[in-house]
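Note that chain A is present in both complexes that follow, paired respectively with chain B and with chain C.
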Partner chain A sequence: MIRHLFKLIWNQKKSNFLLITEIFFSFLVLFAVLSFGIYNYHNYTKPLGFTYDNVWQLWLNPQTDSTAHNLAVQRELIQRVKSFPEVEHASLSNSNTPFAFSQMNNNLSYGGKKDIQANVFNVQADYQKVLGLEVSQGRWFGPQDKASLHKPIVINQKLKEELFGDEEAIGKLLPINDSSQYAVIGVIDHYRSYSEFDPEEAAYFECINLDEEKSYFWNGLVMKVKPGAGVAFEEKMVRELSRIAKDWTIEVTTLEKMRQSKAKMTTVPMVALGLVCGFLVFNVALGLFGVLWYNINRRYAEIGLRRAIGASSKQIRNQFVGEVLVIATFGLLLGLLLAVQFPLLQVFQLSSAIYWESIAAAAFLIFLLATICAIYPSYQASKIYPAVALHEE
Partner chain B sequence: MLKNYLKIAWAVLQRRKFFTFISLFGISFTLMVLMVVTSLFDHVFGPQMPERESDRLLFVNNLREQFKNDGMSSGPPSYYFLDRYVRSLKTPENISINSIFTTVNSYVNNKKLTLDLKFTDEAFWEILEFNFLEGRPFSAQEVANATRVAVINQNTRKSYFGDKEAVGQYIEVDQVKYKVIGVVKDVPALRLHSYADLWVPITLKSQDFKRTSLRGSYFATIKAKKASDVPKIKDEYGQMMQQLNKQVSKEDKEVHSYADNIFGTFARSFLGGGTKDKSTFLYMILAGAAFLFMLLPTINLVNINISRIMERSSEIGVRKAFGASSKTIIGQFVVENIFLTLLGGMLGFLISAGVLEIINNSGIIAYADLGLNLRVFAWGLLLCLVFGLVSGVYPAFKMSRLNAVEALKGGSK
Partner chain C sequence: MIQLIDIEKVYRTKTIETVALHRVNLHVERGEFVSIMGPSGCGKSTLLNIMGLLDEPTSGHVAIDGQPVKTHSDSKLAKLRNEKIGFVFQSYHLIYDLSVVDNVELPLLYRNVSGSDRRKRALEALEKVGLSARTKHFPNQLSGGQRQRVAIARALAGNPEIILADEPTGNLDSVMGEEIMDILLRLNQEEGTTIVMVTHDENMALKTNRLIRFFDGQQVADSRVLEAQI
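Up next is the complex of A and B:
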């Protein structure tokens, strides 16, 4: 039966060519859009590794170039911020706070593993409490680090795997330059702060030591506020801080707002793509439906004849649905030839699981679409009375 | 003749309502998507308020320092560079230097307003055409004196002062009070070089003027005397950069900076690595994307057209038997199809007007003012014709080769 269907379609390949091309392109469009969607969804469901409720963020932009003066003002600022009763914890940071648009990278080497790129987060010890980070091995920064010989760092699980594999990470030393080294003191399971829709990257935290730093200035300040602190407190705080840091620009925002604007960068294109893709597919479905309907009307006589020599209406219906599915299969096979190149050649560095999932989902949708489009015209065909059909002929 | 074709086309459209619906749906939605994209494109790159004479405007928004030891720094140029080198250009009619916008806070009635503040000179108001709702721009005198005056946009007036008149009142941002002297219509946020909520004199930031590094946080807007002067300005800019590179060669670095129109600056920074002019390449990519997008609906339409025309094989048989040539028949079907696409295009226009309204109101793009204007309409018309021609020619060609005798019998293989 199935072989017979393939033969039927193959003999008609010229007139079915356009339908097959249409299925082929629809499959590719679905595949591309689904890959994008599934990739983002996969990332979205992974843990972020921190909490962002009631966390505020300040951007500090000094107007003068004198770092020594700026650092002195900054020390005063963080003291003042911590002294507000509404603020629970606060920490200075680089500009790469969670959901910010800036990123800072550094290359680390350990043994045979050369130049592994990792995000660097320069933070104070209170950063852990502000964002609720959980250390799974070793410990977070503490007062005892001030006296340590090497620069302590806390790394995420991803960096641990890339550098050390299955080995124990705590206590390992990593070279910074000829004279100094990092010492790993702790590992946290996850820290994925760039965007909810981005994959986790290797990352490590370095502790800010305000007493020793002479040449660098920290633009970011994050703080955990008590629930209920609102605009009134924000205004009061900004007023007070502006008095300490004259002529500086101080931007205040919440991590929730940053998260939303960052998420928009992914969701808006995704929704737009989804809508366009949905429209294309709907369009194709309507077209398919129309063409099938017309084709079946044209084969009136053939159906009549088949019915006359004893085919049941169910058999007729199955034949037509089957034919459409065979056409869909031809289109799919062509599309598959192209689509499998993506996981095989590792295009775009997405994991191949995502490609396979989207291929499966796209194929399923195409078959579903073809079946839905075929059911009504086939049902009509199966309702044809042999006597009427043959009489017309 | 044409009238007859149109009459026939109309009759055919009414005969099979479902097919007509499918065709019109496909055409109108395809054109709708294309028109929304065209409108967005026009919104970002086309001549829109306040950059209305875009063929005479050039922008400098990037400077790239390439150091010999592999280091690189790229971003907006400094006031020093723009003032000393760009302002000395001879060909342009006028040059404005303005800062990139910075976000500032303002608190009013227990509410927080986040505003974008831009420092500009008086030339800014002469070059660009803002729609002033009340008041005036700041004068050369006010810029020279570093007076604390501000021009605000409509939205800021609404959220800070309510709907009352704002000129003469004071607005406080980041603990600094400015006297409002003008209110302009909102500028779309995608117009990076002109957009802000609040414009104040550039001299209020004079501490930046002393820094002699080439990189900083300023833009320049250049206006040519006439559109044909634009290449001359680009040449002069190139020569100026060559001179500059001679001067800085002892510092072991190379400096790149260009004056481009908006589309050019975009193409250069995204595709040209900040140095190469990639406008043509970007146009090709956009055309390619539009083609790929139209491919599927076109195939669909071709498919449906073939089915529809097949139904009319007896009609074609009769016409052929009475001596119509293949050419006339192809002509007839192409005209019919173009008629259909134009009809779909018209529907598409109506739908896209609605969709643009939705986008404007949704706040996805701040201060978006997307609309259908003559340029977008012309593009849409062109797209309709191309679409109609492409999807009509193949079925018509296929039909015109029908054998008259077989067609009259009503069957075709």
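Up next is the complex of A and C:
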């Protein structure tokens, strides 16, 4: 019977061409949208490597250009922040705090590995406690670093693998410039702070040294507050800090808020795409339904004949559902020809698992859609009275 | 073989009620070649549809080989049609997207028959109707007479005990009509296939063993009954 259906559809390929094309395009659109969705979902389920609850973020914007003065004020600010009983830990940072719209990169080289790009995070030692970072090898920054010859860094596992592969990372030296070197003192498993929907990138932490002569101004400040610290504390803190840093602008936000606004960057386009895709698929479904309906009316006599030569009404229904699935298969096969190029040629550098999953899910959805559209018209076809269908004047 | 007992068929639409068959009693015996004649609209097709289990009578009974079919399920009726009955229609009812041999295979598709066996039996049936040279053609490449021969081959492929033919020569000129009639006669005489044929052609009807005349939904004459009376 299946061969019969394939033959029937093949011989009718002209009249089924439109449907096959529609299925083909729907499959490709579904494949694209699902790839995007599944990619994001995969990333979302991966560990972030830090916790963001009860973490607040201050943005410090001095109005004057006098660096020396600003640095002095900054030192005072961080001391004051730490002295609030509501604050458990606090750390200055560059502007690339978790979920911020800011990234800093540096290229590292080790042996044959040249110019490995990595995100660099300048933080104070308390940053670990603010974000609950867990060191899996070696250690985090500590007072002993003051005496060290080289600039200590803590790297994430991804950077470790890119630079050193299976080799031990702790103690490795990396050139900064002609005169100085980084020394790897610790490895953390994960640090994926740009967005929940982005993949983890190579990253390393460098310790801020406020005592350095040519120190830099750090405009981020993150703090872990005690549970229950709320608006009242926020107002009190800003008031007090403004007294220290006169005419600076100090903005307060939470990592939770930043997480949400960052997530919107992905979820809003995803929902929009999903809606467009849903609308498209709905249209295709309507088209499919209409064409089926038309086909069944056109093939009235054929239905009567098949009943006369021994098809039960159930077999008629199955035949029409089967035909739709065969049409869907033709459209899918065409779509597959294109879609498999993505995992095979490694387009866009997504892992091929994501493409295969999307292909499977898109194919499943197409078959589901085709079946749903086919059931009612096919049921109607099965209810046609053979004597009426064969009636000739 | 097929027995119709007190058959009544009424078509009801919103506005009118048509009595298509009224008190029809008919027993078609195995091996008979029955022709049915009557003016257009007198219920001949309706009768054939009821005999062929394509339609249900409004009242009365149909029995096949002595078995009443009234309580049969849809799939059991389909099985009976598939195995015992072959249909031939005035307008052939071929599937134009399928080749000649695929059309002929159709009844076997609804049975458990292997693909190669199907093909073999279809080719045998086509040989019986003299179309061995046209198996790969499509119906629209054939003449009317050839199309009707394909339809007969399709009926034969299922190896039925009875063929129900509704004006099989109605769309054909007399030469092609004769060819079709010859095939049917040969089937009846050589293979003992029971045939019930509706026709408007008196000459063809006279070649059969039994002629039944219909008028307005009722049997008005049955040659077998007449012979018995003489």
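The working rule: the second predicted complex is superposed on the first by the 389 of 393 C-alpha atoms of A that agree within 3 Å, B and C clash if a C-alpha of one lies under 4 Å from a C-alpha of the other, contacts with A are read in each partner's own complex, and residues count from 1 in each chain.
Everything that follows uses one rule, which is that a contact is a pair of C-beta atoms (placed from the backbone, for glycine too) under 8 Å apart; a residue touches a chain by one contact, two chains touch by 3 or more.
Just so we're clear, the structure is a prediction, and the values are computed from it rather than from any experiment.
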Superposed model, chain A: greater residue contact from chain B or chain C: B
Touched partner set for A:L305, first chain B, second chain C, both or neither: second
Chain B versus chain C as contact partner of A:Q315, first or second or both or neither: second
Chain B versus chain C as contact partner of A:L92, first or second or both or neither: neither
Partner chain in contact with A:L280 - chain B first, chain C second, else both or neither: first
First, second, both or neither for A:R3, with chain B first and chain C second: second
Chain B versus chain C as contact partner of A:H391, first or second or both or neither: second
Which of chain B and chain C A:Q12 touches, first, second, both or neither: second
Touching residues on chain A, where the partner in the complex is chain C: 1, 3-4, 7-8, 11-12, 301-302, 304-315, 385-387, 390-392
Touching residues on chain C, where the partner in the complex is chain A: 45-46, 49, 52, 54-55, 74-75, 77-79, 81-83, 86-87, 89-91, 93, 95, 97-98, 102, 106-107, 109-111, 115, 154, 158, 166
For the chain B and chain A complex, residues of the former touching the latter: 18-19, 21-22, 25-26, 29-30, 33, 102-105, 107, 110-112, 114, 174-175, 207, 211, 293, 295-297, 299-304, 306-307, 310-311, 364
Residue numbers on chain A that touch chain B, as the complex places them: 18-19, 21-22, 25-26, 29, 61, 63-65, 231-232, 234-235, 238-239, 242, 249-253, 264, 268, 276, 279-280, 283-284, 286-287, 289-291, 293-295, 298
